[in-house]
Structures are given as C-alpha cells and as structure tokens.
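Shared chain: subunit A. Partners: subunit B in the first complex, subunit C in the second.
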Partner chain A sequence: MDFFYLLIQLVSAIVVAPLFDGISRKLRAKFQSRVGPSIFQTYLDLLKLLKRGRTKSHSTSYIYQISPYLLFVSAAAMFCALPIVYGAHSAFLSQFSDILVLLYLGALFRFIFIVAGIDTANPYAGVSASREGTLGFYTEEVAVICLVVVMMGAGSTNLSFITTLIQEGHYGYAIPSFSVAATAFLWVMYVETGRKPYDLAEAEQELQEGVLGEYCGKDLAIIDVAILLKQFTMLGFFLVIFIPWRFDNPMLSLITFLAEVGFLYVMGVFIDNFGPRFTINNGIKRTMLFALSIASTSLALYIMGI
Partner chain B sequence: MQIIYTLFLLASLLSIFLYKKPLLAQKVGFGLASLISLYATLFFFSNLGETMTWKLPGNFISSPLFRLDSIEMFFSFLVSLIAFAVSLFSFDYAKFYEKKANLAVFASLFNAFILSMLLVIASDNVFSFMLLWEVMTLISALLILINDGKDASKNVMIYLGIAQIGAFCLMVALLIMASFAGSFEFSKFADLNIGFGMSITLFVLLLIGLGSKAGMFPFHVWLPIAYCQCPSNASALMSGVMIKVALFAFIKFSLLLPQFAWFGYILLFMGALSCIFGIIYALASNDYKASIAYSSCENVGIIFLGLGGAFYGLGIHSPLIALMGFIAAFFHILNHAVFKSLLFMLSGNVFTATKTRDMDALGGLHKKMPITSIIFFVAAISICALPPLNGFASEWVIYKTMVMGGMDEGIASRFFFTLSIIALSITGAMAIMAFSKMYGSVFLGIARDTKCVEEAKEVSFIRLVPLALLASLCVGIGIFMKDVIGMLSKIVLTLIPQTSQSVYGLISMPLIIMIMLLCAIIPFVFLYLLKANHKAVRVTEPWACGFLYNKNMQIGSNSFTGDIKKALSFILRYEQEIKIDGYFSKAVYTQKAHDLFWDKLYAPVIHSIMVIADKIGIFQNGRTNLYAAYILIYLCLVLIFGYYYL
Partner chain C sequence: MKCDKFIEALSTRVKVLEVTRQCEDQVTALVELNDLPEAVRFLYYDMGGYLTTMVPNDERSINKHYALYYALSMEGGKMFEGDEIAQDEKCFVTIKTLISPDSLVFPSVTPLVPACVWYEREAYDMFGLVAEGLPDKRRLVLSDDWPDNLFPLRKDAMDYRYRPDMKDHYMEPEYEFLRPEGSGIIDVPLGPLHITADEPGHFRLFCDGDTIIDADYRLFYQHRGMEKLAENRMNYDQMGYLAERVCGICGYAHAIACIEAAEKAINLEIPARAQAIRVICSEIERLHSHLLNIGLACEVTGNYNAFMHIFRIREYSMKLAELVTGGRKTYGNVVMGGLRRDITGVEIKESLRILHIIETQVDEVWDAVMDDKRQMSRWKGVGILDKQVARDFSPVGPNIRGSGIKRDTRYDHPYDFFKQIQFDVAVVEGGDVFAREMVRYMELKSSVSIIRQCFELMPQTAIIVDPTFHVKPENYALAYVEAPRGENVHWIMQGSAQKVFRWRCRAATYNNWPSLRFQFRGNNLADAALIVCSLDPCYSCTERVTVVDIKSKKSKILTHSDLKNFARTQKESPLKDLR
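Right, the complex of A and B next:
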C-alpha cells in the first residue's frame, strides 16, 4: 500500500510540475510587460518535443543515450525520499527516506549531468558542466551546514522521523539554531531551482541548460521533466523539514504539499525577475557569502548549545 | 596457515631464479602469486574471528611469535583479496615493463611485497614488527624503481625520506610503550599505566609514524610522486593495501594506550584536513594518475574521521559511538581498498594503451576501450560515494557516527564533529567534480591528441577479469551493506571492552535500488502513452554556434576547474605559461598546479639540509693527518666531559 501511495506521489508531481512552471513563466512575462505564453505552455512544449526527431553529435557514447533516464531516475528517487504520503509509521519506506540518501542522490544527478555534458563534446556544454559542478560545490556546503544543525538537533538522519518530531513540537522553531538554519536553507534551495542571479534558464547557451545543448526530441523532454522534478524536490526538502504540514489522510497531505511547493516555485519569480546578472565568481561572492554566514551563525548557535 | 607465508617466499625465490627467462618468470611469478593469494583469501575469510599463533621455526637469534587475532585476520584477508586481483592483472600487464626491468625481479619483488605485508600484520613483537616494516618499505621502494625514468631515484629518495621520518617516530613510540609494559610483545602491552601527557605524546608519535605511511596530510607529498612513478599494479597494491597496513598498525597500537576523548578530536581534525587538501589537489591535477593518488589522501582522511568517532566513543565510554566509528572506518578501509586498486589498474590500462598521463591529450577513449570505460564509470561512481554503490554505504555510516558524536553536550565535541561533517560534504562535492572531469576527459568526447588515442585498443581478456571482479565487489558490497556491517561488527566488537551493542537504524540499500528501478519504468510508460517519436537518431557534428566545429573547442581539464581554482587560489598555487611565437603560429598555454606544502614545508627543509651537508663536506678532505686530529680532539672532549659530569 505504501508503494502505491509513493507511486501516486511521484506521478502527481510529474503531472502538476509543468503547470506551475507555466504559471511562473506567465507571471514573469507580465512583469516584463509582455503578454506571455498560456499557462499550459510547458505541457505543450513537452508534447512537441516528444513528437520531434532526434540528432546526436558523432562524439557521443552510451552515456549520452542513457543519461536522460539516469537523470530522471535520480531526480524521481530524490522526490520519493520526501516523506509526504508516508510517515515514520511506515517502517519499510523509512529506511529510504534519509537526508543523506537525498543529498547523495542529488550528487548523482549532478555527476551524470556533468558527464553527459562532456560527452557531447559541445563547447557550451562543457562550460556549463563546469559551472554546474562549481555551483554544486558552493550550495552543498551551505545546505549541509544547515542540515547538520537539524540532524544533530533532532538526533537522526531519518527524514520521516525528523518530520514527525517537528510536527509534534518536540523540536522546532523554539530553538534558535533551527530557525536561523531555516533561512539559509531556503536560500540554498532557491539556488538549486536554477534561477537568477545563480542561473538563467532563458539564456540556455552558456548557463545551466547549456549542458543540454545537444539534446533534442524525447531525450530533452525527459531531462526537462527530470530537472523540474529536481527543483520541486529541492523546495520540498525545505518544506518537509521546516514547514511540515502533514495530515492523517495521505492524499490530503499530498495536495497541500503540491500547493505549497507550487506556491514557492511561482514566488521565486519575484526574486528571479528583479535579480541582477553576475558572472559566476562575482555572483557567488556577492550573494552566497550571505547564505554561508547565516548558516554559520546557526551552526555557531548549535555548538554553543542554544 | 604457515604454508601461505612459505608459498609466497618460495614463489618469490622461484621467480628470481628464473631471471634468465624473464617472460617465463613473469608468467610463473604472477601466476603463482594469484593462486596463492586466492587460497589465502579463502583461508583468511573462512577463519575470520578466530585466533591463530605460530613461531618462526629454525635456529635464528630469536624466534619471534606471529599472532593473528580477529582484526589481524580481517586485514590479512584484505591484503590477499586485493593481491589476488592485482596479481591476476599483472599476469598480462607486467609485460609492458619488459624493456625497463627484468620481469623476474619484478615478479619476485611483487611476491615478497605481499609476503612482507602479511608478516607485518601478523608480527607480535616490537623488533620483528619494525624489521618487517622496514623491509616492506624497502621492497616498495624497489618496486617504484622498476619503472626507471628521469627522476626515478629522486622520487624514491622522497618516498624513503618520509618513510624514515615515520619509522623513527614509530620506533620511539613503540620503545617507550615497551618500557612501560616491561615486555617487547604486543600481547603483553594491555593496560599500560600511562598519564595523560605521555599518552597524547605517544599518540601523536604513532599518528606521525603511521599516518605518514598512510598518506595523511601533511605527509601526503610522496603519494603522487611515488604512485606516478610506480607501475600501475604496484601502485594498486601500495595504495590499495599498503596504506591499510599502516592504518591497521595505527589502530592496533593506539588501542593499547589509555583512551581519552582528545585522541578522537586530533584524529577528526587531521582527517578533515586530509580530506579537504587531498581532494583539492586531486581536482587541480591534470594527470589522471596523480589525481587518483591524491584522492588516496582524501580517503585516508575519511577513514580517520571514522576512527576519530571511534576513539572519541572509547574516550567518553560510549560503546555505541565507538562501535559505529570502528564499523565506519573498517567499512571504508574495505571499500577504499577495492575501488582504489581498481582505479589504479584502470589507469594502467589507459596508460598502456595511450602512453600518456595527460588528461588534456586524451578523450573519446570509450569507443576504443568500452569495457575499461564502463568499469571506470562504476569505480568513479563508487569513489564519489554515490548511491547505490559501496562508497556511499560506508560514507553513510561515517556520517551517522559524526551525527551521533555531535549530539553530546560538550562544546568541543560538537565543534569537532560538525566541522568534520562539513569537511566531508565539501569533499563529496569536490570529488564529484574531480572524477567527472577525469572520466569525461579521458573516456568521453573527442580525442584531443589523435596520435595518442588512435592506436589504443581494448586490453586482453585476462586483464579485464580481475577488474570486473572488483567492480562487481563494488556493487555487491553496496547491495549487501547490512550483511557486511554485520560481519564487521563481529570483528570490531573485540576492540571495544565489555559491550553487547548492536547497530540499528540503517538505511536499506536494496530498497534504494528497488525504488530507483521503479522510477526507471515511469519515463517509458509516459513515452508509450504519449506516443513519442522513436525514429532513429541522426548523427551530426557537435553544434558550435554556426562556426566550423573543431575538437579543440571542447572544454579542457584546466578550464573545467577554472572557476573553482580561482576561488581556492589562497591554498592552490599554479603556474601559467603562455607561449606565442607569432601571429599565425599556435599559442601554447600550460598550467601546472603546485603543492603548496611541498613548496613551503618540504622544499626549504631539503634545501637547508643540502646547504648544511655542503658545509660539513669540508671536514671530509681525504688527509689522514687531519682525521687523526679529529680523533684526538674527540678523545679530549670525551675526557673533559667524563671528568666533570660523570
């Protein structure tokens, strides 16, 4: 039964995610005084990609062919690690829902992303693969500092256990280190969704999506869904730890969760649209240092036992 | 059991007697080594957890005792397992060095090296231990010399120099411990009555003595030098198991001291530094073998983090943390032995096929060597600690130990454990960059230097068998994580006094794999339901923004890490050189990373020693009457000293 709910959790996220992407695109267009595409545009894009033929560069090897599926598998497995429809009472799935499993599945995603980019021998793909790795290096350390505070504070790495603990009020915002960590963690999760000033989805050639420069047709569609799913997981990761609204009815928790994630995803446009553009080193220096210092504050608070 | 040691000795002697027929000696020497180590693997594995002793027979000056307890048994098993794979690999690989050295000597040294490691593990006496330890160092130095080259003797001297610093500290520590125990046998060392200050001193001496051999920061400078100089099978053996022997000795000796929580903190601190510096240099290096070598420093750091947890647990009398820490350390020792020797052997395959170690010359090797490439992919995933392979399993246990250690009330413990978790995670992020760069620039894309890659072809079947074996071990240990932990916990429980703790709350690796497989079905269902276009893929040139594509447009390994190198420029020094001869000629751009600690720490010391040696040199001038004067002056000084002070 747990497996069935898990499948529903995954499939519903895949189905709903493009809608929120469409809404955020529409909203961004409004900000820029454009009419913008319909809110269902992302679905239409994906459908169109599925019908198109494919090309590949002559340099590619097996990695190019399997990487869309590997990316999807790691993103989907990350999403399954979020305890939304199942909780600590499901002893079986709790063995999977672990903070470190989630983090390292994200690392697997990044590894395959980089390797696939290098495989195409495309100059832009290589540059953005490097960028992806560098960005990962910066975000991971801030994310882990926040998670260290949570893991040690709650005394476990198990995500469903931590969620239950926070929801029942045994651990949470009354503890200063936890609430400071929440801020830094939200910041990092925003970076992970690939928006300005850390990334610019529309400028596909040089930034994050440059890795996908050679991909087309159904391969690109699968990767697009995988990236959307990963961005949802990252925001969900924040929600599951820091705003755990869960109900006894799994379907109700799922609907609330999707609405929350969608809300955060669309709200990201407000930062995205007014954020400046930086080169990567400059951008990191100007913005990530804040997140790092907030996270370090929270760590210092934890070490002092507050 | 003695028969294993005897057989290795006989194999070593037999191969040296065949020195007139090197090719035959190679087949016989390495073939015998693989057979004996297969038998040894099975023997040690089936006797895990038992105790065995034997004495050296015959009429020697002393008859030292050799003793295998449960951890000795485990490490002997590890040595023989890796030795089996490596010697099977060398059966064909060693031929590559036919012109450089006599293969009979190579095979003989190889057998002797395995034997010396097994004997070091088994020895139960200070003197036999130190003697065998030095023999092991010397044999490994000779193995480095097999690949004779421009800087070979200088590189060996660096290796031996650091090994001697280590051996000196180790000897001092063991002699002090022996004087406290009143005996030279390790089995009588238990319950030493040593105060806090002396214990810390002994601990630091042991850490320097054995950590230098294990490649711990700041003694890591010999790793890239020695491993790049060695033939790949010897570096696989050195990195895979020799540094594990050093770790074994460290665990064994430091457990004999009275335990304090500060031991744990020192280990955590040194481990965190080792991981970060090791991986930074691995990331910056453009030589794939040097990069793998530096990653040994990183992994030793990770093992020290696990051990740090264990010693902290022993220090504060918390058996559960100690148990988790030891399991984590032993688990990572096992995994590192498997994937690091695998990576070194793979680097040997790449080197024999292309004759270059420069990542910027390679590329597109997957098309020429598909099986090597796929095995390399598995090894890279495993060393980056990505699920669902073995590297992740052991790093997870280490993380778990750190979390348990950092939950205590004390500020010191929280500080050290949180910082080491952060170090571990930074290491993880950089390892992904280092190994995706290595895999990408060696095997994927288009060959940058066509000359090197053109004639490459897949290596013979017999060299792929041990690689496939180790790769499947990487997968298998990952899947059967719980069983391996169960086995390890039986071994390490003997190290923790009076406890019957057991490990709980583990993640389930089969479940992770099952969920990943389940997720793999979903895209196919969607593709089927939405009637995707399944037409054959058209092959084109890579897209270059409308320009004519050129293979030099690919990202190079320097520019791949360019941004991160800039950010880390405060600890990472590199030289850039741009040569432009004329407007139409090719510009040559080179960049070489420097080891900051070599430049700042070792080079000045070596330089000053050279200067002092030069100055002392004038005393040795070959005139007999002056030497007689030296003796006279010395005698006078001794007389004066004796008269006033004795």
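Right, the complex of A and C next:
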C-alpha cells in the first residue's frame, strides 16, 4: 500500500507541476503587460515536444542519448525521497528518506546535467555546464551547513523522523538556530530551482546558450519534466523540514503539500520577473556570500547552544 | 568660403593638384598617389577631422584611372573642451587620388589613420585595388570562396548573367581569424548564427577562463550587392526606395541621405515643409530605434520585464509613424525634390497627444530601470570604448557620444530643417554600456522636443518642387543624415541618362564595427552579447531574392503574384515544392 501511495505522490507531481508553471507564466505575462499564454500552455508545450523526434549530432556519444532518462530517474528518485504520503511508521520506505540521500541524488542530477552538456561538444553547452558546476559549489555548502544544524538539533538525518519531531513540537522555530537556518535554506533552494536571477542553465540570451542547447523533441520534453520535478523537490525539501504539514490521511497531506509547493513556485515570479540575471563572477558570488553568512550564523547559534 | 582654410593648410604639406567644389561645404582636393597617406593623416589628426567615408571608384571610362575618395568631416578633434572647429567653418574635405589601372596599388593610409582599415579592405574586394602596407589584407565583404580576379564593382567585371558556381558546405574555405598568441586560450565562436543575434555575423572570442582577451569577427554574410544594383539600372526615384530597404530600422535615414546626395549634386533646394517632415520622420525613427535598443539591452541581460514595458511604449512610436507617413515602418515617402505625403492638422493634433504619452511613459520606465541596482551593475563598466580608440576609429552615433566625444551630424553639419531647431547634443562620459544607453535615453527626450518644434515651425508650403531637373554626369556629392545609430553617409556620382554612375552607401554601423574589438577586450564572456547589443549593430545595413535550397540544390524564382497571393492567404507556400 505504501508503494501505491508513493506512486501516486510521483505521478500527481508530474501531472500538476506543468499547471503551476503555466500559472506562473500567466502571472509573469501580466506583470509584463502582455496577455500571456493560457495556464495550460506548459502541457501543450510538453505534448508537442513529445510528438517530435530526436536528433543527434555526430559529435555526441551514448551519454547524450541516455542522459534525459537518467535525469528523469534521478529527479523522480529525489522526489520520492520526500516523506509526504508515508511517515516514520512505514519503516521500509522511511529508511531511504534521508537528508544525505537527497543531497547525493541532487549531486547526481547535477552531475548528469553537466556531463550531458559537455558531451554535446557544443561550446555554449560546455561553458554553461562548467557554470552549472560552479553554481553548485556556491550553493551546496550553504545547504549542508543549514542541514548540519538541523541534523544535530534533531539528532537524526532521517527526514520522516525530523518531520515528526517538528510537527509534534519537540524541535522547531522556538530554537533560534533552526529558524535562522530556515532562511538560508530557502534561499539556497530557490537558487537550486534554477530560476532568474540564478538561471544559468537556460540563459539563452547570454552567450552560454544553456546546457540544453542541443536537446530537442522528446528528449527535451523528458528533461523539462525532470527539471520541473527537481524544482518541486527542492522547494519540497524546504517544506518537509521547515514547514511540515503532514496529516494521517496520506492523500490529504499530498494535496496540502502540492498546494504549498505550487504556491511557492508561483510566488517565485515575484523574484524572477524583475531585474536582470547575475553573471557568475559578480552577482552570484556576492549574493551567495549573504546566504553563507546567514547559514554560518545559524551554525554559530547552534554551537552556542541556542 | 568654407573649407578654403583647410585646403591652404593642406597645400603647405603636400602638393594639391586640383581643387573642385561640389557644394557650399564640400570640397575635393586631388593629390598625388604617394602623398595620399600624409594628406589624410594631416587632415585627420592635425586639422581635426573624422573619417566619414572612403569611396573607391572605377573611372576608367572618364579619365582612364581608378579613383579613391577619402571624405573627412572637418569638425575638430573634440578630445577636450574647446578642441573643436568654429561652427561656421565645419565642412567636408575629400582627398582624391587616381590609381593607374596598370599597377592597381596604392599606399595604405591605415598605418597612420586606423579608421581606414575596413574601407581599404573593401577596396580590394570590390575593385582589386591593393593597399600597400595594410596590416590586415583578408577579405572583408565577399565570401571566402569568391573567385579570385573577379571584382564585382568594376564596370567591366561582372556580366549580370554570370554566377560563380556554388560550393558544397564542406568545401568552403576556412576564414582565418587573427588569433592572439599564447597557451590556454579558448576560442568561443559567437555565430555565424547565434540565438542572440537575429542576423548572421561570426564573432570569434578568444578567452582565458571567463575573460575575453581578444576578438575577431567576420561579417557580410548577407551582402546584397545594392550598390551594383543601383548603378546604371535605376533612376533616382527608384533609388530612394532601394536605399530605404538597406536597413529595417533606420531605412528612412538611408532614403533621405541617398536622395539628398542626388539633390546636393544638382543644388536642388526642397521646400521648407518637406524638410520639416523629413526631420520629423527621421526623429520618429530615432524614437523607435532607441526604444528598441534600450529594451534589448535589458533583455540581453535577462530583464524581460523592462523589455516588455519598453516595447509597449515603442508601439506608440510606430503609431506615430503611421499617422505621419501612413506606414508603420517602411514609409516610401522620399522622392527627389520633396515628399509624397503631407500631414493634416488633425494628424498633427493626434501626434502631439501620442508624443505626450511617449514622453511620460519613457520617463516612468527609465526611472524604474535606473533604480534597479542589478541592472546598473550589469551595464556599468562593461564594454568600455576608450576615448583615444574612438578618436582613432571614427565611430559614430551613441557609440562615440557615450565616450564623451560630441559628434552629431545634426549639430556639426546641420542639414534640412535642423538649422532652425534648438536641441542639445547628448554626450555622456564613460564609454561603457551604461553611457551609451544614457545617450539614447537623452536623445529620446530631445527627439520628442525636436518633433514638437518641427510641428510648430513647419510653414504652409508645398511639399515637392517641380521635379524637372537635369543631372550633370560626373557630378558627385556627399549627403549625411544622423540616423539613430549614427550618421549614414551616401555618396553619389551621377552618370548620364538620369542614372547613377556610382553609389556608395555607408551605414552607421560600418564605422562602429572596427573598434568593437577593443570594446570586447578584458570583459566577461557573459557580457559579450550585451556589448554587441549596446553598439546597436545592424548587420544588414553594413551588408548591402532568388530562393535557393542548399540541400536539394533546387532554386526557384518567385513571381510578384506568387508572393502577393501567399501574403494574402498564408496558404500554399510557394516554397513547398522546394522542400
């Protein structure tokens, strides 16, 4: 039964994510004094792409062909590691639902993303793949510092255990180090979703045409879904630790979760719509320094015992 | 009279063989071939000139020689306060020299005046005239697989029926880029087709890590051979329309420049109302071009929000163009002797209302952009055009005004109605992208005020003079218009039978490209597209329709009715049997 719910968790996210993307596109259009596409446009885009065939340049290897699937699988695995429809009572599933599992799956996703970019031999994809890697250096340590505070505070790396602990009030916002860590973590998770001003992966207007520059058709559709799923996971990662709203009824908690994530996703428009994007060695370095200092503050607070 | 001072000074330096005057402010001095570099350098640096254009010409049918015309705008060096020639002495001095068809060699001016580099490269491509001492002798305009010994602008070279054979894609020769020495340098090609550029152009960036050390570029993928087309085939009324199609943005400026070159050569004065409407239209063009560029400078950095709002305002300027000329973009309005369409009082009233909307909304959006610290940090300090580099390469338009040099054709050589109009030249120090965009913003404001003044001062006269005129063969003149991107210069030598003997069209961007390399150096790779954009480049301008499908090697000539039917119904693409 747990597996059944897990499947529902994954499928419902895949089905709902494009809707929230469509809503955010519509909202963005309103800000830009345009009419904008219908909120179902992302579904239509994906459907159209799925109908198209794939092309492959001579310089690519098998990595190019399999990476869309690998990306999808790793994003799906990440999403499944979030304890939404199952809790600590499901011993088998919750043993995988671990902070470190999520971190490593995230790293795997990024690794495939980079390798796929370099493999195309497209100079822009190569440049932006290297940037994607650099971006990872900036974000990961902030995320890890925040998570260390939570792990030490809760005494476990198990997500469903932490969730239960926080929901029952044994651990949570009363503790300053936890609430400070929440700020830095949300920041980093936003960066991880790869939206402006941090969106180097698809920075099509700048020189680096993006890691995905060479992908098209079905491959691109699969990658798009994988990226949407990853964005949902990243926002969900924050929600599961810092704002857990889990109910006994798995379906209810799934619906609440999707609504929460979708809300965050759409609200991201207020950040990504305004202003230009950062260049890697000016903006990102400087702004991630803020996030790092917030994370370090929370670590210092934890060491001081508060 | 104007210009005499410069000719006197020149004759103390080199031997001036002959002086001819084209019109009030244009004089040509014939010098000996070997004196050419010194003569141009003397006028450029010592007397304060900027290179306006250079015209190679095949005059074998006239005087058994090829000729070169280096046209310099004498306006002062403008490097510091007061380094400027008095307003009533500014003029154009052309240095002419003759080259014998037996040698086809002339001494290069480029080592002394770097601004000549592109012109002298083009002289080889088009006429086979070799610049001795030119450091960079690669092809510029023609494609790399163009046959040797075929120089298209020579009067006898090209049989119109002759077409060089097509080569397969893999047979095309590689273009040699000037690569800096050193290890660890990565080539990043930006183009020939790139997502940020809507037109083809190949920029090869040489990077060390993220920093661009040097850059080289290959353009002219879309050379349309307009200069050849106009020669001997078109009459002056048709040429205005051809010139308007040089560019999609500043077409009107080209049309005016082209027609005025012809008008100047026969000293034809057009009615004041026509002059005013020409000014109005070219200023409307400036409105929409600058709005386009400021919008794009936001979009290239990822600021789509500002881009969309600026484009919303741009729509009003298109509406304005529609009111004044009847067309949103291509106006087809200029003819020899005046204009084809007048404005009514109702249209003027409505135009003033739209101008007010544009003025207030531009301010609102610009203030919002200025308040955005992230946007400013992307613009400031990027793509700096050094003042001295600008002096050496004679760039034009916002590009040079952003480097603190007060060069504006409307102010230096007032033409048409500009003699009666008050306006400030927008000059900003700094030379970075921000300075150039600031210049554009200030010009938006001054354009609005110029249009208002024109509406006020416009007299009630006819808009066209009696178009019976006779051109005199071998007469030539230069006409210049400050287009949004800088001055467009057209040089026309008249032939017999109301036709053109030689038309040289120099678009603004042509003068801006050569110094781009210096703007790239030391910048971040991510800013490369922004730097190109801030130049407001126009590829097709610089490069002056049989449809050919390379894949199936089939070609088809579309008839007028084919295209018209397709445009009307959008069905049955005339290209479908090609696919």
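Assume the second predicted complex is superposed on the first by the 295 of 306 C-alpha atoms of A that agree within 3 Å, B and C clash if a C-alpha of one lies under 4 Å from a C-alpha of the other, contacts with A are read in each partner's own complex, and residues count from 1 in each chain.
Here is the rule we use: contacts are C-beta pairs under 8 Å (C-beta built on N, C-alpha and C of every residue); 3 or more make two chains touch, one makes a residue touch a chain.
Just so you know, these numbers come straight off a predicted model, no measurement behind them.
Peer 1: With both complexes superposed on chain A, which partner does A:M151 reach: first (subunit B), second (subunit C), both or neither?
Peer 2: first
Peer 1: With both complexes superposed on chain A, which partner does A:P123 reach: first (subunit B), second (subunit C), both or neither?
Peer 2: A:P123: touches subunit B and subunit C.
Peer 1: May I ask you to decide whether A:F31 touches subunit B, subunit C, both, or neither, giving the answer as first, second, both or neither?
Peer 2: second
Peer 1: Does the superposition put A:G136 against subunit B (first), subunit C (second), both, or neither?
Peer 2: After superposing on A, A:G136 lies in contact with subunit B but is clear of subunit C.
Peer 1: Using the touch criterion from the header, give the chain among subunit B and subunit C with more contacted residues in subunit A.
Peer 2: In the superposed model, B touches more residues of subunit A.
Peer 1: Between subunit B and subunit C, whom does A:A76 touch in the aligned arrangement: first, second, both, or neither?
Peer 2: In the superposed model, A:A76 contacts subunit B only, not subunit C.
Peer 1: For A:L186, select first, second, both or neither according to whether it touches subunit B, subunit C, the two together, or no partner.
Peer 2: neither
Peer 1: Thinking of the overlay built on chain A, is A:G275 touched by subunit B (first), by subunit C (second), by both, or by neither?
Peer 2: In the superposed model, A:G275 contacts subunit C only, not subunit B.
Peer 1: Please identify the positions on subunit A that touch both subunit B and subunit C, taking each partner from its own complex.
Peer 2: Shared contact residues on subunit A (touching subunit B in one complex, subunit C in the other): 123, 127, 205, 280-281.
Peer 1: How about subunit B: which of its residues touch subunit A in the complex?
Peer 2: 363-364, 366-367, 370, 373-374, 377, 381, 384-387, 392, 395-396, 399-400, 403, 406-407, 409, 411, 414-415, 417-418, 421-422, 425-426, 428-430, 432-433, 435-437, 439-441, 443-446, 505-508, 511-512, 515-516, 518-520, 522-523, 526-527, 530-535, 537-545, 551, 553-555, 559-564, 566-567
Peer 1: List the residues on subunit A that touch subunit C in their complex, please.
Peer 2: 31-34, 123, 127, 196-197, 199, 203-209, 273-283
Peer 1: Going by the contact rule at the top, pick out the subunit A residues touching subunit B in the complex.
Peer 2: Of all residues in subunit A, those touching subunit B are 3, 6-7, 10-11, 14, 47, 50-59, 61-63, 68-69, 72-74, 76-77, 80, 92-93, 95-96, 98, 100-101, 103-105, 107-108, 110-111, 114-115, 117-124, 126-127, 129-131, 133-134, 136-137, 140-141, 144-145, 148, 151-152, 155-158, 205, 213-214, 217-218, 221-222, 225, 280-281, 284, 299, 302-305.
Peer 1: If you look only at subunit C, which of its residues touch subunit A in the complex?
Peer 2: 188-190, 194-196, 210, 298-305, 307-309, 312, 372, 374-375, 377-378, 524-530
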